[in-house]
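Presented sequentially are two complexes of subunit A, the first with subunit B as partner and the second with subunit C.
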Partner chain A sequence: MMRRLANIGLLLAAAVLCYGLQTTRPHYADLIAPIPVYGNLKDDVALRTFTVRADAVTFACTLAIEQFGRRRLLTTGGVWAIVTVALSAKDSTTTIAAATWKGPGGLLYDTTERLSLAPGMPPVTVQPGLPGKGRLVFEIRPDEASEATLLVSEARYFALDSQAHIALGPIAVRPDGLPEGTVETFDLSKDL
Partner chain B sequence: MSMTAHGSAVETDATPDERRWRRRCLWALLLLVPLALAEQSYESVVTLLNNSDRLARDVAWGQAAEFGGSEWRLANLRAASGVPGLPPNAVPVLADFTVRVGDADLQGHWKVCMVMLIDAAGRRWLPSGAVSLKQPDDVQRCNSAMFSGAKNGDTLKISETFLVPKDATATIRPAVSLAGERPRYLRFQRPQG
Partner chain C sequence: MGTDEKTMFATARSRIKAWIAAGAGSAAAIAVAGMMGAFGALHRPPAVLAPGQPIDTGQWLATPRRAYLSGEGAYGLPLKPGDRALVVEIELENRTAQSGKDYFDLLRPLTPIGEPDAKPFVVLTRDETMSPALQPGLPERMAYVWAMPDGSTPPKAVTLAIDGKVYKAQDNLYGTPGWFNRHELGTLTMPVGADATTPDLRP
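Presenting the complex of A and B:
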C-alpha cells in the first residue's frame, strides 16, 4: 500500500516537474530564433557576415518607376516607406535578401513584391571591401510608421544567425493621418 | 518521510541480484547518454564540416591539378580597365582556366561549381554579376560548362569575372570549389613572370 502511494506521489511530482519545464523553458523555435543586434537610425549595425546602416527613411503616397521604357505609378491605400541602407560585407561576398518593417503595433511588413528591377532592391549582393547601397520599400499602414523597427538579415528563414533590429524612432503625424514629411511621389528610377 | 518509506520498501523487496543490476544500469547511463548524443549528432557534424572549403590544395603556377574528374590549370589572372559605372576603388578581375575533361559526367562531378578569389587576409570574392565583359565565344562560365556536353579529353576554357577593391589586387589568388570535393578545394598560385 505504502509503495503504491509512493509511486503515485513520484508520478505526480514528475508531471509537475515536466509541466514546469514546459511552461518556463524557451520553446525550440525561440532557441534557434534570429539573434538580434540592436541599433538606431544612422548606426552601423555589425552582423555575422555584413554590416548595415539605415541612412534615411522617406514616406510617399505614390511610387514612380521606369520599367521597360514606360513610367509606372504605384499607388497604395496606406503609405510607402522607403528606407535607404548602406551595406558592407565582412569577409566574403554576401547577399542580403530579407528585410521587414515591424510597426509599433507589432504588425510585420515584408518588402513589397509589387515592383522589381528598381535599383537597390533586395536581394543586394555586396563584395568585401566594396560597400554598397540598398533601398528597402514597404507598403504600410500610416499608423505603423512611428516607432517602427527595421529587421534586416541575409535570408528570410534561418536559424542561429544574427539579424539587425534598427529602431527608426518617433515620427510626427500630419492632420491627414500621414507621417510628417510624406512626399507625393518618390522616384525609384533615380540612382541611390 | 514518504520517500524514505518508498526507498526502504524498494530495498526490502529487491533481491541483491536485482539491486546489483539496477546499479549497473545507472552506471551504464553515464556512458550510454553521451554515446547516444554523439551518434545522433555525428552525421550533422560531418555534413557541417564537409560543407565548407577548409582544406586548400595549392597548385603552382603553370601546373595542372586533378579535381572533380578533370585537370584544372590557371591560364591567367588579369585586371580589366576602362569599365564604366564602377565604384572608384573597384577593379574588375578575370580568372581564366583551361580544364581538360577527364570524366565527362560534369553534371555529377561539378555540382555547385564555385570559382572564387581569396586574398592574404582570407577574404573571399564570388563572381560578380555587376560587370559583364565581352568574352570570345568558346569561353564559358563554370556552371554553364557543366551543361556544355563536353567529352572525355576535351579542353574547356572557363572564365569568371570578379569585382574586388584595389587594395586586394596585390594578393588575391583564384580558387575552385566543387560540392563533391569538399572540404578540399584548389588554390592556385598567381601567374609568375
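Presenting the complex of A and C:
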C-alpha cells in the first residue's frame, strides 16, 4: 500500500516538474529565433555575414516601373514605402533575400511580390570588397509608417543567425493620413 | 472443483476486472472530451453563406463579390482556343499580423467545373499580378480563375465551399505559431454572369 502511494506521489511530482519546465523554460522557437543586431537609420549594422545601412525612406502613392519595355503604374490601397540600403559582404559572396517592415503595431510587411525585374530588388548579391545597393519596397498601411523597424536578413526562414533591426524613427502624418513627404509617383526603373 | 477450474475462474474474474477498468477509463476519457467540446463539430450542417457579406475564415476576411464566365483570358491569363474561364471575384483582407498568401484552399467548387480537382489561378485584379502575398490590413480584390475545357457546359450558378483554419499559438512540433486544421465554414451559391460586365452581388 505504502509502495503504491509512493509511486503515485512520484508520478505526480514528475508531472508537476514537467509542467513547470514547460511553462518556465524558453520554447524551441525562441531558442533558435533570429539574433537581433540593433541600429538606426544611416547606421552601419554589422551582421554575421554582411553589413547593412538604411540610407533613406521614401513614401509614394504610385510606383512606376518599366516591364518588358512597357511602363506600368502600380497603385496600392495603402502607401508604398521604399527603403534604399547599402550592403557589403564580409568575407564571402552573400545574397540578401529577406526584408520586413515591422510597423509600430507589430504588423509584419514583407517586401512586395507585385514587382520584379526592377533594379535593386532583393535578392541582392554582394561580393566581398564590392559594396552594393538595394531597394526594398513595401506596401504598408499608412498608420504603420511611423516608428517602424526594418528587419533585414539573408533568408526569410533561418535559425541561429543574426538579423538587422533598424529603427526608422518618427514620421509626421499629413492631414490626409499619409506620411509627411509622400510623393505622387516613384520611378523604380531609374538606377540606384 | 479442480485446480484447472479454479485458475479458469480466477482468469475470468481478472478479465472482467480488466474490462471494467478499461471501460471506466474510456467512459471517463469520452466524458472529459465531451466536456471540452470535442463533439461540438459533429453533425453540424454547413452554414449557408451569402455573397456580398464578409466571411471570417480565420486568416482572411473574405467578401465574395461576383462570378462570371470569360471567353478570353481573364486578368491576363491566357486560355487555349475554345476554352472558357469561370472567374470568381472575392475581396480578401489579411487578418493576420504578417504578409501571407495562404488563400489557395479558401474556395472549393462543389459544382463540377472542367477537370475535377483543378486548381484555380489566383490573380490580383488591381494589376494582374499572379498570386502575390497580401499585406495585413490592406483589403484587395482577387480573382479565382478556373479554366473550363472546350465543350463543357457552363454552370448557371456555382456553389463553393468556404474553408477556414484555426490559429495555434504553438504547433506540436516546433512550438511556433501557425494556422492549422482546415475545416469547412459553409457553402455559398453565386449566379454565374455571362461576361466581365456582371455587377457585384449585393447582400
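Everything that follows uses one rule, which is that the second predicted complex is superposed on the first by the 192 of 192 C-alpha atoms of A that agree within 3 Å, B and C clash if a C-alpha of one lies under 4 Å from a C-alpha of the other, contacts with A are read in each partner's own complex, and residues count from 1 in each chain.
Rule of thumb we're sticking to: contacts are C-beta pairs under 8 Å (C-beta built on N, C-alpha and C of every residue); 3 or more make two chains touch, one makes a residue touch a chain.
Being a predicted model, the structure only gives us computed values, none of them experimental.
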For this session: State whether A:130 touches subunit B only (first), subunit C only (second), both chains, or neither.
Result: first
For this session: Would you check which partner chain A:93 touches, where first means subunit B only, second means subunit C only, and both and neither mean what they say?
Result: first
For this session: Considering only touches as defined above, state whether A:108 meets subunit B (first), subunit C (second), both or neither.
Result: second
For this session: Considering only touches as defined above, state whether A:23 meets subunit B (first), subunit C (second), both or neither.
Result: neither
Exercise. In the superposed arrangement, which partner chain does A:77 touch: subunit B (first), subunit C (second), both, or neither?
Worked result: second
Problem set entry | Dominant contact partner of subunit A by residue count, subunit C or subunit B | C
Exercise. Should A:3 be classified as contacting the first partner (subunit B), the second (subunit C), both, or neither?
Worked result: first
Exercise. Contact residues on subunit A for subunit C in the complex?
Worked result: 27-29, 72, 74-78, 100, 106-110, 112-114, 139-141, 144
For this session: Mind listing the subunit C positions that touch subunit A in their complex?
Result: 97-99, 101, 124, 126-127, 129, 132-133, 135-140, 170, 174-176
Problem set entry | Interfacial residue positions of subunit A with respect to subunit B in the complex | 2-3, 5-7, 9-10, 91-93, 125, 127-130
Problem set entry | Complex contact set, residues of subunit B against subunit A | 2-3, 5-6, 9-10, 13, 87, 89-90, 116, 121-126, 128-130, 162-165, 167-168
